[in-house]
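Every chain is named by a letter (A, B, C and D) in the order it is written, and numbering of its residues begins at 1.
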Amino acid sequence: MNELYVGALINGLLIGAVYALIATGLNLIFGVMRVVNFAHGEMVVIGMYMGYGLWRLTGWPPIATIPFALIGLFAMGYGFQRWIGNAFVARPQHVQFVLYIGLALVITGVHAVIFGPDPMGIQSAASFDVYRVAGLRIDATRLHAALAACVLIALLWAWLRFSLTGKALHAAADNLLGARAIGIRTNHIFALAMGMGAACAGAAGALLAPLYDTQPYLASEFTLLAFIIVIVGGLASLPGALLGGVLVGVAEAFAAVVIEPSAKSLFSYGLLIIVLVLMPQGLLGGRQGAGR
Amino acid sequence: MSAILQLKGVTRRYSGLVAVSDVSFDIEQGSITALIGPNGAGKTTTFGMIAGAISPSAGSIHYEGVRIDGVAPERLCAMGIARTFQIVRPLQGMSVIDNVMIGALNRTSNLKIARSNALDLLDRVGLGTKAFEMASNLTLPDRKLLETAKALATGPKLLMLDEVMAGLRPAEADRVMDVLSAVRAEGVTILLIEHVMRVVMAIAQHVIVLNHGELIARGTPSAIVTHPRVIESYLGTKAIHP
Amino acid sequence: MTGKHPSLRSDRRRLMKWAGASAALGSLSFPALVRAQSGPLKVGVILPLSGVLSFPGIATRRGTELAVKMFAEQGVTLDVTYADYESKPENGRVVAERLIRDGCTILIGAWDSGATISAAQACEAAKVPLVVNVGSARQITEQGFTQVFRNFSPSDDIVAHGVQRFKEILRPGFEPKTAVVLHVNDTFGQATSGAVKALWEKSGMGIRIVDMISYDARARDLSVEVAKAKASGADLVAPITRVNDAILIVREMVKQDYNPMAIYGPSSPGPYEKAFTDAMGKYANDYLVSVPWYDASRALTKRVLDRWSKAYPDGRFELNSGFGWESIQVVADAFQRAKSNRSADLHEALRQTHINDHIMAGGPIVFDGKGQNPNIGIPLLQVQNQEPVVVGPKDAAQAAVKLPMTRWSERA
Amino acid sequence: MSRQWWAALVFVAALALLPLGASDYLLSALTLVFIAALVGIAWNLMMGFAGQLSLGHALYFGVGAYTVAILAERYGVTPWIGMGIAFAAGAAIALLIGALGFRFAVRGVYFALLTIAFAEFGRIVFEHWSFVGGTGGFYLKALSATNVPLISLRGGARFNYYALLVTLTFAWWLSVAVVRSAIGYRWRAIRDDEDAARALGVPAFRLKLLAVALSGGLTAIAGGWSGLIGGSLFPDSVLGMRLSIDFIVAPIVGGIGTLFGPILGAFIVVPLNEWSRELAQAAGINGLNLLIYGVLLMAVIIVAPQGGWPWIARRLGLVERVPCRPGEQARNGVAIAASDSTTGDTHGQTSGRTQGQTPSRAQGQTSDRATQ
């Protein structure tokens, strides 16, 4: 029986790391612009289709898609923000909601029209191999995905912390007015944040492609998942997103084992309610509380 | 006359910074009291604590003998404490008359009565002609007048005004002073924060002076102006004459 | 309210004028109400042609289209329209209403039990008969629907037949004592797992169900579910799945090297479908399933199989295409006897249906008081070198059953 | 009667006469529009007037649907009582969420996320609750020959059409009455600046709870009707996230913070959704309807963020008595698009009024007191 629980824990941790990468992307967008990117899950699915598409054309494992996903999604995110998004940053939140819900529907529609609604899984021999460690079997593809996710998060974190533009992004997140006052070109910064956020989502999608069968209607689950992790982990705190991602991954794995596999997101939503009400700044988000 | 408002050892700390420390004073029923002091003296914080927006770190506030610190702003308003905001906060999405009606609805739920009360008040403060303008259209002085009208509309027993004269032209300031005197004559106690010394000297019966969060002096306006510590806190050494 | 406007009375003229205009607008769609007396029969076919159920949905459509072609050659022309509910049960009703509005006087549908019941609600309201091609939930014929005629077995019949077949293959060396049920959490999954729970323990199979694990129909990762099944240590795994889930489950069982005595799906779609055997390859073999199936010994079935292999060389003729074919046979037969395309006449004809020569196993196609065909035969199938073959009952068997299941690691 | 009441009367009368010449399909399509409008009005009370953004209204809709259906099917309780219980259930759940959120000052987007969390939590609970049939669905039995629509509240397309028209008209009248009462004024104060409103004596906590409860209750009734008409309930279809999103689109496209906006929005969005779905079906391209729906949504919000009704109302001179102003960034991050005010037009210039001239009363019975 303990193999079940330990197995669930490991799976939860590994998938949690990929969830964290998705949440990191949202953290950037939501943190810097307070914009509720309801199309975040769709950006993950774009990454998944890229991973699937590349595998179909070239047979490469989806991890090789990451550079394409990063560049492709960054361009899309940056372009969208400069073209439409920036006009909406100052608009009321419900107007932002409708804009991004519309964007989400458009992306899902494009996916369904191009790829069709049917799930497309990557059935390569690699999807069967497993690492045996001390009697435990760890799924290879899952492990590679988690490691890649952690590397990407670390790179992003370093870039934010040490590069000049990264600091500008941080400044804009902390105090928009102040940032503008000292001459930071916020339009560029916003587009950068959306671009980076979308790139994270796309890369995570590429990592998820071999684990889940890709289909257009997966997207809304990823969007809600990302929000749960960002809120639980704490706003604009990258370690928070990592902690939140892993926490939600494990919570889902245990809910699946303890209650019913199909009820696994029950714990995550319960966690979100508790955090929203009792700890609005999230576990690690020290700064300004939730919408005080 | 009994004191309508008593502050006892009221203190407010913001993680180390002491904004208001151990301030105690009473406000006489039916009087006009001015609260003055240099910027950052803790005037608005004290105001906020009385109005229930900020809860004091120590000490207590009593209104008509009842302890009110920590009571929600809306309940204080129902008890008769009305306040204006230093940085005006008009209700953007509503017209001028609707703004004032919200205050009037504190006393009556009948819209007709509330509307006529609101119009009367707007006339008294000189905004009658702009009753159906959108609040966001008003100039800053007009918004100050609107703040006063809204506070008056709630039918207060204690009216707290935070720099309502700032930015008003002399004619408008005089009109507001007439209104305040008339309101006081109707038995309303007024506590106002004001920098415009001309107003303080004209209508205030008592003056309380805060500096660095401490109460450094209180008395009649003429006494305060010559009070050495007040002068020192405001102007350093040079004395000023009215 | 002091009305500044003319009093209501003098305005009545204006109101009536306005109402007249709207009536004219409305009457544009008036003619649709008058049902066509004779002429070709418009048949509406409701299927999941997209979404998670699209594989079986398309297979059923192919069987239906083949039947339409074959019956047209015999002079029975049917004007068939296909409607897709995107594998969402709640769309069943809207899709049915749209087909009825387009003039269909008889419907066939809908593969998914939930969608079938939703469609039945619309058919009941519009008094249009619904021939159920595939759909095993009991409620389809228990909700008092008068317009429903189901040519498919309810889940308890399939499971009951399955118990008989399973007893026949018990032998020394293959006597599983415990079982774990892995079922999809939707109308079909709940109906079937309920039947399994009710029948298996009382039926003298000597098998105790140690765990019932349900998973989300939209599940995309069943590793936890399979881990739980493995942890239960059951000898027999009883999946009740769709084809996508069946693939995910077997893939995880291989990854986790979970080797039960056998995998047996009581009335479970998936293992016999081409999508499954293509995706799983050697891992598909030895999978047991008991579902209604075609009777290859009949002349009519041979002719249909021959036409099918010409029309769809890459496709496989199985349960879905078989019952898709028979649903057209039932409708064509009723149309010929009713000699009218009015719903009421067709309904009367359907009630007296009696078709001896048909392609699926079992007795003649008839419909009882509740619209259920009780004579459907349910053999036991096993996937052998990636093809489903009948292994039970003895008289219909095409090959000997291979038990217990070959371990994953030892597969060629 | 002011022009608004006239316009409303003509609108409802026209709809009442429509069934004389309309086909059953048109009636059932319009019934769906009425249900969407009903939920739009309920959602708009909470969002357009009290400034609380909810993205989980499917929870109340689903609870209402299941309550009425289960009471009627299993316990033989006539839907007349069922609807009352559904209203109470919807209101109670809304009060729970509201109290939890407002008590802990969860505002703006965080309150919206709280509503999503509760709605999804509810959906998953329903999916695993055998009493309600779980994902297997809950089905109403077919109507027996002796069915009397007025008792069972279940009938043909015509009965459903009139039942929903009556419910919608009542809900519309209720929303007008409440919004134009003292409560409505104070809601708008809370919407514009909650702290300033509280300083003026507005009991924000209680009034927000009232808005949330009324909104939840009315949505539950719409759910009840949808259950009776549909006949089969699935957690994902009556409690799903997609539904919560559909609910907010109509009022926003129509114009939130207005009284007719949600209804106009429903008349635009529901047929559009149906048309794009049929187009996708005809063209055989799956997902085409999502694409069209998405593009149109983005177009509307970019071109007319205040929604359609304020624009149309001005053209027809039907500007509503409720003076509101197009969206500006309000203090608590949630500002409201609203129809035009009584005199000025949307861009702030007062229309043709000079200093000192008595303000021209455009129309409607505003105060009769002349200013000096």
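Definition applied: contacts are C-beta pairs under 8 Å (C-beta built on N, C-alpha and C of every residue); 3 or more make two chains touch, one makes a residue touch a chain.
Because the structure is a prediction, the values reported are computed rather than measured.
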Of all chains present, which has the mean Cα position farthest from that of subunit D? B
Out of A-C and B-D, which chain pair has the most contact pairs? B-D
Per-chain Cα centre nearest the global Cα centre, belonging to chain: D
Measuring from the mean C-alpha position of subunit B to the mean C-alpha position of subunit C, what distance in angstrom results? 76
Distance between the centres, which are taken as Cα means, of subunit C and subunit A, whole angstrom: 38
Euclidean distance of C-alpha centroids - subunit A vs subunit B, Å: 50
Quick one: report the Å distance separating subunit B from subunit D, using the average Cα coordinate of each chain. 41
At which residue positions does subunit B touch at least two other chains? none
For subunit D, what residues touch not just one other chain but two or more? 127-128, 135, 286, 330, 335-336
If a residue has to touch 2 or more other chains to count, which residues of subunit A qualify? 116-117, 260, 262
So, with touch as defined above, which chain pairs make the list? A-C, A-D, B-D, C-D
So, in the complex, the side of subunit A touching subunit D is made of residues 34, 36, 84, 87, 90-95, 97-99, 101-113, 116-117, 216, 220, 224, 227-228, 231, 259-260, 262-263, 265-266, 269-270, 272-273, 276-278, 280, 290-292
Using the touch definition from the top, list the residues of subunit C that touch subunit A in their complex. 50-52, 54-55, 86, 185, 213-216, 218-225, 227-228, 230-231, 244, 247, 251, 254-257, 279
Which bits of subunit C are touching subunit D when the two form their complex? 1-3, 5, 15, 18-19, 22-27, 29-30, 32-33, 50, 83-84, 86, 88-90, 92-93, 97-98, 101, 114, 117-118, 120-121, 124-126, 137, 139, 143-146, 185-187, 189-191, 214, 216-217
Please name which positions on subunit D make contact with subunit A in the complex. 47, 53, 55, 100-101, 104-114, 116-118, 120-121, 124-125, 127-128, 135, 241-242, 245, 248-249, 252, 256, 285-298, 300-302, 305, 327, 329-330, 332-337
Within their complex, state which residues of subunit D touch subunit C. 1-3, 5-6, 10, 13-14, 17-26, 28, 127-128, 134-137, 139-144, 156-157, 230-232, 234, 236-238, 278, 281, 286, 365
